[in-house]
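To start, I am sharing the structure in question, which I have written as structure tokens.
Here the chain labels run A, B, C and D in written order, and each chain numbers its own residues starting at 1.
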Amino acid sequence: MLNQVRESSVLPEEKAGQWVKSGMTIAIGEPAPMGLLRWIIRNKITDLTVIGSGLALDYLIAGGCVRKVITYYAGSPDIAVMPAFRSEAENGTLEVWECEEGILTSGLEAAGKGLPFMPWRGGVGTSLPDINADLKVIRDPIGGEVLIAVPAINIDITLLHASISDSYGNVQHCRGTGWLDMFLYRAADRVIVQVEKIVSNEEIRSKPWETTISNADAIVLSPYGAHPFYSRGYYVQDQEHIRDYLEAITTAYSDGNRDKKDGYFEKHCNQFQSHAEYLDAIGTRHLISLSEY
Amino acid sequence: MLNQVRESSVLPEEKAGQWVKSGMTIAIGEPAPMGLLRWIIRNKITDLTVIGSGLALDYLIAGGCVRKVITYYAGSPDIAVMPAFRSEAENGTLEVWECEEGILTSGLEAAGKGLPFMPWRGGVGTSLPDINADLKVIRDPIGGEVLIAVPAINIDITLLHASISDSYGNVQHCRGTGWLDMFLYRAADRVIVQVEKIVSNEEIRSKPWETTISNADAIVLSPYGAHPFYSRGYYVQDQEHIRDYLEAITTAYSDGNRDKKDGYFEKHCNQFQSHAEYLDAIGTRHLISLSEY
Amino acid sequence: MSFPATIKEVMAVVLSRELEDGDHLQVGVALPVPEVAVRLAHIMHGPNMQLIFLGGRMNVHHLESIPLPDFGWDSRSVRWAESYSDRGHRFDQVKAWHKRVFFVGGLQVDKFGNINLIGIGNDPTKLKFRGPASVGTPTLTTHVGRYYIVLNNHSSRVLVPKCDYVSAVGWHEGGANSRKELGIPGGGPKLCVTPLCVMDFTEVEKRMRLVSLHPGVTLDDVKANTGFELVIPDIIPTTLVPTEDELTTLRTRVDLNGLLRSG
Amino acid sequence: MSFPATIKEVMAVVLSRELEDGDHLQVGVALPVPEVAVRLAHIMHGPNMQLIFLGGRMNVHHLESIPLPDFGWDSRSVRWAESYSDRGHRFDQVKAWHKRVFFVGGLQVDKFGNINLIGIGNDPTKLKFRGPASVGTPTLTTHVGRYYIVLNNHSSRVLVPKCDYVSAVGWHEGGANSRKELGIPGGGPKLCVTPLCVMDFTEVEKRMRLVSLHPGVTLDDVKANTGFELVIPDIIPTTLVPTEDELTTLRTRVDLNGLLRSG
């Protein structure tokens, strides 16, 4: 017998994090895999092309890791336009692959299906194909209707945060996945999933219809790993922490004062050797106060 | 206050069945909605274009309702090629829209997405585009790769069988839907879902992540409604009944003896006024013996 | 409850009256006025409406109150959902979107109801003001049965002759056939509701037209704050203010924290 | 357990040895030989294999036995599944299919491994023999890492010079680049296993070539029952028969009802 043991997919954060190399195309799901994003910032990974949205994407831009974003939405209910995104895009230091939700999902679907493109109607008549030269206006080969051909969007590594998985990479999101998670998973060469809890294989098999991702390449145990953002069924956003982030980063960019930005990341990210140290600094009492109920 | 009552989607079989008119394009999901199919045969609906596979499709062909099939598979583990399908296709009395699973799902996805076509790679180099003139061999507008453009496959009414729903059309399949059910649902103007059981709205809302279809246009209460086929989590196939069907229909077609076929349908379908009468004839003891466990 | 409605409350009630029982209601991000409107309509006259939040579908007509969530990304806002089927399939059934009603804002809106969420400036790689990007507005406005443009402020910087960039096509360069000619099937923008007035689009040209002025607003206020020439009808009514019942319901069963009463 | 293996058992063991730990295994319909082979390999040497049945994914290496189901459509066969994610998404992740191994049969198979499931006859609207249609074989054979052609009988009516119709492209009209030139990315057919012999495809021309004869089968038997000229190597070994361990495992832990022992 050559091999009689089923292999575990569980990796420590630093092992999984090392898969991410400068220059890669990565994607960020929802809830946000903040533990891994902090690892990326701490380890000075740069020149990433990032598919994502909202403040988690901004965090990575502010952290100095991003050269190009593929995003349909760079705002949040907390702020009209995210500060690092806005400032770097206006300066021309951040490239934006202009798109929208249906165009983005079409490109991701094409990648997952091994196709060079997918057609989409949303965006016809808009400025999107003018701004983004990768989007081609075509006539459909059946009836001649005008559509947009979206090229496949392939991803090196997708980073997700979910509720539970077993040790073999079978992931079950609580209350459904984030809107893009499944698209990002299917379009990627590899997927790393942070989870709140690792459960037994038997627990997964007792409700296989809840499995959202099978064969995750790496599982990282990361309780409270989406902090300061929410994790469905576990905790809500840390509004105070997010307000502090927005204030620090907005001020840093409007002053042109890099130190303020560095100070923020030193205090909230770089000084920690691990996710556990980060959680210690946040404090158990505060974490518990965020419980979703 | 104009309207203070939420409307029920529950309809008796005959009300929902009357939506199906001769000449329409209908689709049959999996498990098979046999109660509704028997209603269609009994009421002599004809000239249907049917999207389906397996013996439930054959049953409708043998029943005299079908002019054209859109199918990727007309066999079953019980018989290499279904008898009515085979005979009528060989005689040229049944039109076959030749395809395969990926091409079919692409056409259905196009319909659901409001697109005139979707590209697909599976089928490139095969005879499918030679046999089926609706499939166009194209070059992709980005990199010039050879692909197949599949036109949208729009459906008038999709008929499905599922485990449970509430009275408002929120359906939850046990252990996932049939492979094509969601595609057929999204590509259709209307969907009628037979269910084993109607449950409270509260039960649905306690696990919304298990809802597979919201807004079904009609819910038909149809316990054992997939008989003689299986219903996941409820009962297994009635092998004996299926053997009888295959023998009767195969003999009828090979003899060219229409009476044998008519005799089969008289005995197993047309003599009953309702699904309940059909179940009475099968008998409770026999139905219970089919329980899946 | 007898103190007068605020302008935001007036806007919410105007929108809620537009909604029909059976509509499927989806609100774009950061638009508290339609967030209140869809909940109010659901309680007032929409037992068969569906509210679509974060991909979840809810019918919560049976609840005593449907409060606004604390913040938009809170998954508790879909706690009463009947399905999450939109998650992962959000754009796979646009065929059924003729029942769907959408609400959208914009950095810029032009006289044909085209919307810009991309940004302001000539060079798209170095915008003077970088917007949040188009979200799902191009796809939604392409396919939904009808949609409403809702603006948080009415100024000539927002209501412009021509958008610098178009995120979502309204009536394109004008004309009732303009969408059809482009191959865009949905019903298009129906109204544009601002803190000053309600506007619609003319039947033939599809140019933006004044419908009613909110209480205390003059025609000159509107003209002075609109960057293009609005079609002005002969008779300009005042926007119908909320009834006692509407206002009480809004305040006690939806906007519990008074979000629309502040500012 | 010492009575000799049947031909079907030999075929199943040949296939099981081909499978590598970590493979994702999917079997086409009505093919009991590979149904046994994938289960046997999983038990014997594949703790990281995944079995894909009816859209469910299973790893059941921990079970004492992995019996064949009573009949193919029985949902009990996925009772130990870890996910049903393929349901509704079966073809949405072909990108990951390089790990997937597929098994397929055919009404006709030609010397380049092209397969016909459509039918026999000149007029596709009135076939002399109407086949069951292509199922998912065009897509699966286009993308999977490798696949095996498994035939229930070896005759010149099945192994033909040219298929009347092609459901799934093997090596097209021949040549190691033939798939690439067509734009078909997967690894193509690796072996063709029949009740008489094992065959593979030559390196350059990709023509079907004899690899080994099953015990008791002669070269003439094969030639007489093959409708095209097979490439015959200088040395023709006998197919390695199952070991005692393999046969015992097959019979006591997989094929409990002796399906491969009958007929």
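Quick note on the criterion: a contact is a pair of C-beta atoms (placed from the backbone, for glycine too) under 8 Å apart; a residue touches a chain by one contact, two chains touch by 3 or more.
Computed from a predicted model, the values in this text were never measured in an experiment.
Distance between chain centres (mean CA atoms), chain C to chain D: 57 Å. Here the spacing of chain A and chain D, counted between their Cα centres, is 40 Å. If you average the CA atoms of chain B and of chain D, the two centres end up 29 Å from each other.
Within chain C, the positions touching two or more other chains are listed as 56, 78, 84, 91, 143, 185. In chain A, the residues touching two or more other chains are 113-114, 120-121, 145, 147, 175-176, 182, 208-209.
Judged by the touch criterion defined above, the protein chains form a pattern that is neither an open path, a ring nor a star, and not fully connected either. Touching pairs of chains, sorted by label, consist of A-B, A-C, A-D, B-C, B-D.
The touching residues of chain B, when paired with chain A in their complex, are 113-121, 136, 138, 140-143, 145, 147, 149, 151, 175-176, 208-210. Across the complex, chain A is touched by residues 21, 44-45, 47-48, 50, 56-57, 59, 61, 78, 80-85, 89, 91-97, 143, 185 of chain D. Considering their complex, residues 29-30, 54-56, 70-76, 78, 84, 87-88, 90-91, 118-119, 124-140, 142-143, 165-169, 172, 182-185 of chain C touch chain A. The touching residues of chain B, counted against chain D in their complex, run 54, 71-78, 80-82, 85-86, 89-92, 95-96, 98-103, 105, 120-128, 131, 145-147, 175-179, 181-183, 229-230, 232-233, 236-237, 239, 292.
For chain A in complex with chain D, the residues that touch the partner chain are 1-7, 109, 111-114, 166, 168, 170, 182, 185-187, 189, 201, 204-205, 208-209, 211-215.
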